[in-house]
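To keep things simple, chains are lettered A, B, C and D as they appear, and every chain counts its residues starting from 1.
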Amino acid sequence: MKENKKQNWRSKLHIIIYEADTPKGKLFDVVLLFAIIASIVLVMLESVEWIDNKYHDILDISEWIITILFTIEYIARIVVVKKPIKYITSFYGIIDLLSTIPNYLTLFFAGSPPLVAFRALRLLRVFRVLKLTRYIGESTNFVRALKASRAKITVFLFFVVILCIILGTVMYLVESKESGFTSIPRSVYWAIVTLTTVGYGDIAPITPLGQFIASIIMIMGYGIIAVPTGIVSSEMTKVSKKDVQTNTQSCPSCASEHHRDDAEFCHQCGHKL
Amino acid sequence: MKENKKQNWRSKLHIIIYEADTPKGKLFDVVLLFAIIASIVLVMLESVEWIDNKYHDILDISEWIITILFTIEYIARIVVVKKPIKYITSFYGIIDLLSTIPNYLTLFFAGSPPLVAFRALRLLRVFRVLKLTRYIGESTNFVRALKASRAKITVFLFFVVILCIILGTVMYLVESKESGFTSIPRSVYWAIVTLTTVGYGDIAPITPLGQFIASIIMIMGYGIIAVPTGIVSSEMTKVSKKDVQTNTQSCPSCASEHHRDDAEFCHQCGHKL
Amino acid sequence: MKENKKQNWRSKLHIIIYEADTPKGKLFDVVLLFAIIASIVLVMLESVEWIDNKYHDILDISEWIITILFTIEYIARIVVVKKPIKYITSFYGIIDLLSTIPNYLTLFFAGSPPLVAFRALRLLRVFRVLKLTRYIGESTNFVRALKASRAKITVFLFFVVILCIILGTVMYLVESKESGFTSIPRSVYWAIVTLTTVGYGDIAPITPLGQFIASIIMIMGYGIIAVPTGIVSSEMTKVSKKDVQTNTQSCPSCASEHHRDDAEFCHQCGHKL
Amino acid sequence: MKENKKQNWRSKLHIIIYEADTPKGKLFDVVLLFAIIASIVLVMLESVEWIDNKYHDILDISEWIITILFTIEYIARIVVVKKPIKYITSFYGIIDLLSTIPNYLTLFFAGSPPLVAFRALRLLRVFRVLKLTRYIGESTNFVRALKASRAKITVFLFFVVILCIILGTVMYLVESKESGFTSIPRSVYWAIVTLTTVGYGDIAPITPLGQFIASIIMIMGYGIIAVPTGIVSSEMTKVSKKDVQTNTQSCPSCASEHHRDDAEFCHQCGHKL
C-alpha cells in the first residue's frame, strides 16, 4: 500500500514535470523556463568584467541557487521517469546534466567555463515548453520540406567550402601579405567571409589584381546565394501544394482523386463525396 | 438650425480631413504629407551640429510653426470625428499626439529629444495618403501570405536568436579578449552580426580556432538564410495559385465560386457547370 | 538618279549601323562594342593617378581618337536614320550625345569629369549588340514577372526606408556620439547599412543598449529580406506556370483548356486536338 | 598467355582505380580522398610562417611522399585505362597532372607556388568518391533547373556589373578622395562590394551626398538580390512540378508517360486510361 502511494506520488510528479496540459504542469514549465533564462542571464552578466567586479557575491550566490535547483530538477526527472536510462542518454538528458556540472567543478578547479555553453542549449526547451512548433502551422510539411532540402543544401555548402579553398589559395598567391593574406588558411577564411557576403573588412585586398578577383568572387557569391533559397522554396512549394490544396479522398463513383479540401462533390463525375 | 449648420460644417471638414476622394480632401492629404516630411527634415537638420549652430533661429521658428499646425490638425481631427475616443486611442491618434508633444515639453524641460522619433512614425501615413497599397495588386493575397508566414518566421527568428546565444558563448570561450570578445553579451552580438551576414568587422576573430568556428557560423548563416525566403516564397506561391488555378466562374445552381479550372461539376452542389 | 543613289547609300549604311543580321552589320556592332569598352577602360585608367602621370600623352591622344570616332558614329546615325528627331530624343540617342561631349568641353573648361559617367551607360548597348536578352529564354515572361513585382517591391522598399528613418532616429537618441552616430541623417545611413546587411563597420554601436537594438534590427533585416525574394519568386512561378506547362488551345469537342504543350488529345474527353 | 595475364592484371587494377563498387575500389577511393585532404592541409600548413619555420623538414618530406604517391597514381591511371589520351585531356586528367608538377618544379626553380592551387581542385573528386550527388535526390531535375537558370543569371550578373561601373563612376565624381575613392576602378570595386551586400568598410563614403547615394545603392541591392533567387526558385518549382503534377501511369495503348494526375485519356493517343 505504501508502494502504491509512492507509485501514485511518482505518477503525479511525472505529470507535473513531463506534461504541460495540467495547470500545475504548465506552472512547472513556465517556472523552469524563467529559471533557464535567469541562469543564462547570470552567465552573461558574470562575463562582463565591471559587473562581475561589483556584484560578484550576489552573482555567485544566485549561481549556486540556480545550480541546486537544476540539480534537484535533474534528480527528480530521473526518479520520476519509468526508464531513467532512456532519459539520461537522451538529448535533453545530457544537456540537463552538462548544465548542472560546471558550477560543481569550480569547487575543485579554478574556473571551468567551457561547459557553461551547454546551459544555453537548455533554451531549446523553450520550443517544447511554449509549444512554439504549433505556430509553424502544418509543421510536418515544414519539417518534411526542410529534411528534403537538407541533403541538397549540405552538398551545396560542401561545394561552397571547396570553392572557398580554391579561391583562398588563389588570393594568397595574388595578394600582397601586408593586406592580411598572410597564409592560405587565413585566405580561405577571407574567401568564406566574402562569398557569404559577411564582409568584416579585417582582411581586404589592396592590390588592383586582388580587388579584381575579389569582385568576381563577390558577384559569384551574389549569384550562388540563390541556389539554397531556390532549393528550400521549391521543396516548400512542392510539399505545401500536395497537401494543402487537395486531400487524399477518392471519389466513390469514379475514383478520381485530388479533390479540393472543401469539395463536397467529385469534380470529374459530380458524384457526392 | 444653427446646430444643423454646425453639423453640416463638421461633416464637410470630416470629408476633407478623413477622406481623399474629393479635390479638397486630396489637397489636404498632400499638404499634410509635405508637412510631415518637412517636420522630419527639420528634426534631421537640427541634429547636424554645424547646421544647428548656423541656422538655429530659423530651424526653431519652423519647428514651432510645424508643431502648431500639427496641434491644430490634431484638435480638428478630434472635433470633427463622431467618436473622438476611438480616434484618440487608435494607432494613428496616439502617433499624432506624440508627434506634437515633444516641442511643448522643451518649454518646461531643457531638451526632450526621445519623443521626436514618433514623428517619423507619421510617415506611415504616406501609405494611406498615396494609397500605395493599391499598387501591391492583389493586396489581400499579399497580406494573407505575409500573415501566414509571420508565425513561421517568428519561430525561425527565435531559433536564430538561441543559436546566436550558443555560438556567442562558444566564441567567448574560444577567442582571445584582445579581438573584442570581452564578454558573452558582446560575443552574442558578434554572432548575430555574423549569422545575419551584416559583418561590421568591429569585432572579428583573430585566433585560428576562432576564425575556423566563425567560418562554420558564416556557412551556416548562408544556408539558414534560405529558410525565411523559402517560407515567404511558398506562402505567396500558394496564395497566388489559389486564384490562378481556380476560375471566376460561379455555379449556376448554388453560386459557389473558386472552381478548379478543369472542374466539370460544382464542387459544392454537384450541379453541372 | 543621283538622289536615288544617295538614298541607296543611306539605306545600306542604315543596315550596317542599325541592324546586326548582315556580316557587315555584325562587324560594325562588334567594333563599336570594343570601342565602348576601350573608352571606359581609358576613363578608368585616367582616373588612376600614377598611370595618368606616366602615360598622360598616350591616354590623351587615345581619348581624342575615341571621341572623334564616337562623334562620327553619332553624326552617321543622325544622317542615316529616317526620323533623326526620334533618334536624338531617344534613350540611346541622348546617351550617345552625352558620351561624346565631355572631351570637347575640356577644350573650353579645365576638366569636366561629371559627364564621363554617361559613357558607362553606353555599355547597356551590349545587351542589344550581343542579343543577350535572347539567353533569358521566355524573356517576355521574365520581364512580365519583373514588372508585376516592381510595384510591390517599390512599396516594400518605401516601407524599408521609413523603417530605417525610425530606427535611425532611435539609435541617434540611444547611442553615444563617439561611436559615429553624430546626427540623425548619419544614423539613418547606418540603419540602411545594417538592415540591408551590408555592414561597413565605419559606424557601429558601442554601448550595450545600442548593440542590443542593433541586434534586433539585424534579425529583423534577416527576416525582411525574404519579402522581396518571395514576391519575385511567386510572380515568376505564376508566370512560368501559366505559359510553359499548358497552352491556350481549347478542345474542339468539349472545350476544356490548359492542355499540355505536347498533348495531341484532349485529356477530358479524348477527342483529337 | 602472358599477354592475357597482363590484360587481366590491368582490368583488375582498372576496377580498383576507376570503380568504387568493389571493396578494394572503395578502399582505394577513400585512401585517395584522405591523401588529397592531407596534401591540401600540407600546402596550407606550409603557408603559415611559424609552422613552416618549426617543422620545415617534416613538411618537406611529407610533401615529397604525397607527390610521389600522386605521380604513381597518375601513371597507373594512364597505364590501366584503355584510351589514355581521353583521360589525359579530360578535366580530372589535367588537374591530376597539374597537382603533381609543382613540387618537381621546385627542384629547378626556387619556389613555384602558383600551381599548388590546382591541388585544391582535386577536392572536387570528393563528389565522385562519396557519390554526394546521390543525396541531391532528383539530381537530373536539379541540374536541369540550374542549367535553365544559368543563362538568365549570367545576363543578370552582367547587368549588375554594368550597374556597378556606372554607380562607381558616379561615386568617384561625388566622393572626396580622402575616403578611399581615389580612382574609378577602386570606386567600381566599392560599388560591387556594396551592391552585393558584402560591405568590407575599407572604402566607405564620408560626405553626406556620398552617403545618400550609397544608401540608394544599398536599397537597390536589397531589391535586386531577389531577382536571381526568384529565377532559381521558379525554375526549380517548374521542374519539380513537372514530376509532381504528372503521375507514373503509362498509357495501356501507346505506353507514353507523364500524364496529368486528373487526365482520363492519354494525351498522346486518346486511349482511355
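FYI, contacts are C-beta pairs under 8 Å (C-beta built on N, C-alpha and C of every residue); 3 or more make two chains touch, one makes a residue touch a chain.
These numbers come from a predicted model, not from an experiment.
Undergrad: Counting C-beta pairs in contact, which comes out ahead: B-D or C-D?
TA: Higher contact count goes to C-D.
Undergrad: If you take the mean of the Cα atoms for each chain, which one ends up farthest from subunit B?
TA: D
Undergrad: Rounded to the nearest 5 degrees, how far is subunit A rotated relative to subunit B when their C-alpha atoms are superposed?
TA: 90
Undergrad: So, what's the distance in Å between the C-alpha centres of subunit D and subunit C?
TA: That pair's centroid distance is 28 Å.
Undergrad: Please tell me the distance, in whole Å, between the geometric centres of subunit B and subunit D computed from their C-alpha atoms.
TA: Once rounded, the distance between the two centres reads 41 Å.
Undergrad: In subunit D, what residues contact two or more other chains?
TA: In subunit D, residues 185, 188, 197-201, 225, 229, 231, 233, 235, 237, 241, 262, 264 touch at least two other chains, as defined above.
Undergrad: Okay, in this complex, where on subunit A does subunit C touch?
TA: That would be residues 197-201, 229, 233, 237 of subunit A.
Undergrad: Across the complex, what residues on subunit A touch subunit D?
TA: Subunit A residues touching subunit D: 148, 151-152, 154-155, 158-159, 162, 165-166, 169-170, 172-173, 182-185, 188, 194, 197-201, 204, 206, 208, 211-212, 214-215, 218-219, 221-223, 225-227, 229-231, 233-235, 237-238, 241-242, 256-258, 268.
Undergrad: Any idea which subunit A residues touch subunit B in the complex?
TA: 40, 43-44, 47-49, 113-114, 116-117, 120-121, 123-124, 126-127, 132-133, 135-137, 142, 145-146, 149, 153, 156-157, 160-161, 185-186, 188-189, 192-193, 195-202, 225, 228-229, 231-233, 235-237, 239-241, 244-245, 259-260, 262-272
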